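Chain lettering (A, B, C and D) follows the sequence in which the chains are written, and residue indices restart at 1 in each chain.
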Amino acid sequence: MERMLIKIVEDIDLQEAYQFLLSPKAGGIDLFVGTVRDHAQGKEVVKLVFEAYAPMALKEMEKLAAAAQQQWPIEKLVMLHAVGEKLVGEPVVLIGVASAHRDAAFTACRFLIDELKKTVPIWKKEFYQDNSVWVNAHP
Amino acid sequence: MERMLIKIVEDIDLQEAYQFLLSPKAGGIDLFVGTVRDHAQGKEVVKLVFEAYAPMALKEMEKLAAAAQQQWPIEKLVMLHAVGEKLVGEPVVLIGVASAHRDAAFTACRFLIDELKKTVPIWKKEFYQDNSVWVNAHP
Amino acid sequence: MEILLFGITREIVGRNSLEVPSKETIQTVGQLKAWLGAQYPALNKLSSLAVAVDSEYAHDHQTLSPGQEVALIPPVSGG
Amino acid sequence: MEILLFGITREIVGRNSLEVPSKETIQTVGQLKAWLGAQYPALNKLSSLAVAVDSEYAHDHQTLSPGQEVALIPPVSGG
């Protein structure tokens, strides 16, 4: 049985992730979905564009998944990240963890999204009404 | 705009909850889904049956939602609990929180499921191969 | 006075609700619990037993009045 | 040696990848970063700049060999 679904995708499919996570041994599933917010740095956001160094991003996500599986008893794990243009309200990242008990599901899910933001080579350009910026690029 | 969706239902509809939670002001959505696990107290579970004192359960869930909204900046909030017979793998409870930042979404979601289990008048009867028991009823 | 029953209390009593005979002089939640425990000793073996009045958890000293909706709340186990 | 470029480094250089002239004697990741910083001073203004070798983060002392896939990794901002 495949326990991990890790992909770079055009569009996040919540239903696909949920179906993958369902397991007779799991009592709790925690799903985190990151969506495009209409504001950032006090400005109105029009859209985001995501770019990934896909082979390395997948490798880094797999390392995080392995680290989570060593720390917590995980039945199933999903990590999906979208690339391309995303409008306000659209999902851009999905992390899902199914475990026998909810504590592991919550804790591992939180760990995975926090670490993904630190190490996975994916870049976000934020487009405001008047300009655009690569997020985190400058101090 | 309605910010809270709180219901006792026959069947949990993840898609309905997700659509309700999407908001231009939200950057993070945390969704917790509790499902029927195939084992409990070291025994094989065949099914669960849930029973609610519905008017009071809704009132208690609304109190928890209000308490969460006072503690964290929440855009949208969903609490769904199923009643009736649920088989292994089926969802029985769904908590969803959308917030501008993920910290509030995770923390409030965890708070809501933890508190729901303590105070909301819903009862679960676990059916094993050979017998059945009302969970938590006895010391 | 009618008492709504759920979960294991429904199974102990064998019905969905229970009528407290009007001859009983039950004025508070605590008195109701004592009377019920005497009628149905299995209720005393539960991990806890709360009473809800008009769908709110009630304290033992709370006075019961006619027309209120009263329910027994055995240990909850939702989620 | 070809260097893959992403995000803001792609915009600074103006291309998806960059060829390091073979006359340059670049043996380590650190030397590559120094050379790039001299050619494209805007790279020095980034919050951080990592190099990946064969899709793994590389240390400055790591030696570069022909045939490896080398990429510049500006500050990530996924999620």
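Everything that follows uses one rule, which is that a contact is a pair of C-beta atoms (placed from the backbone, for glycine too) under 8 Å apart; a residue touches a chain by one contact, two chains touch by 3 or more.
Just so it is clear, the model here is predicted, and its values are computed rather than measured.
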* Asked: With chain centres set to the mean of the C-alpha atoms, which chain is at the far end from chain A?
  -> C
* Asked: Roughly how many whole angstrom separate the Cα centroids of chain B and chain C?
  -> 26
* Structure fact -> Distance between the CA centroids of chain B and chain D (whole Å) is 48
* Asked: What parts of chain A, by residue number, touch at least two of the other chains?
  -> 34, 113
* To do: Provide the full list of chain pairs in touch.
  => A-B, A-D, B-C
* Structure fact -> Contacts from chain B onto chain C in the complex sit at residues 34, 50-53, 55-57, 59, 81, 92-93, 113, 116-125, 134-139
* Asked: Given the complex with chain B, which residues does chain C contribute to the contact?
  -> 4, 6-8, 11, 45-47, 52, 55-57, 71, 73-79
* To do: Going by the contact rule at the top, pick out the chain A residues touching chain B in the complex.
  => 14-15, 18, 22-39, 88-89, 98, 100, 102, 105-106, 109-110, 113
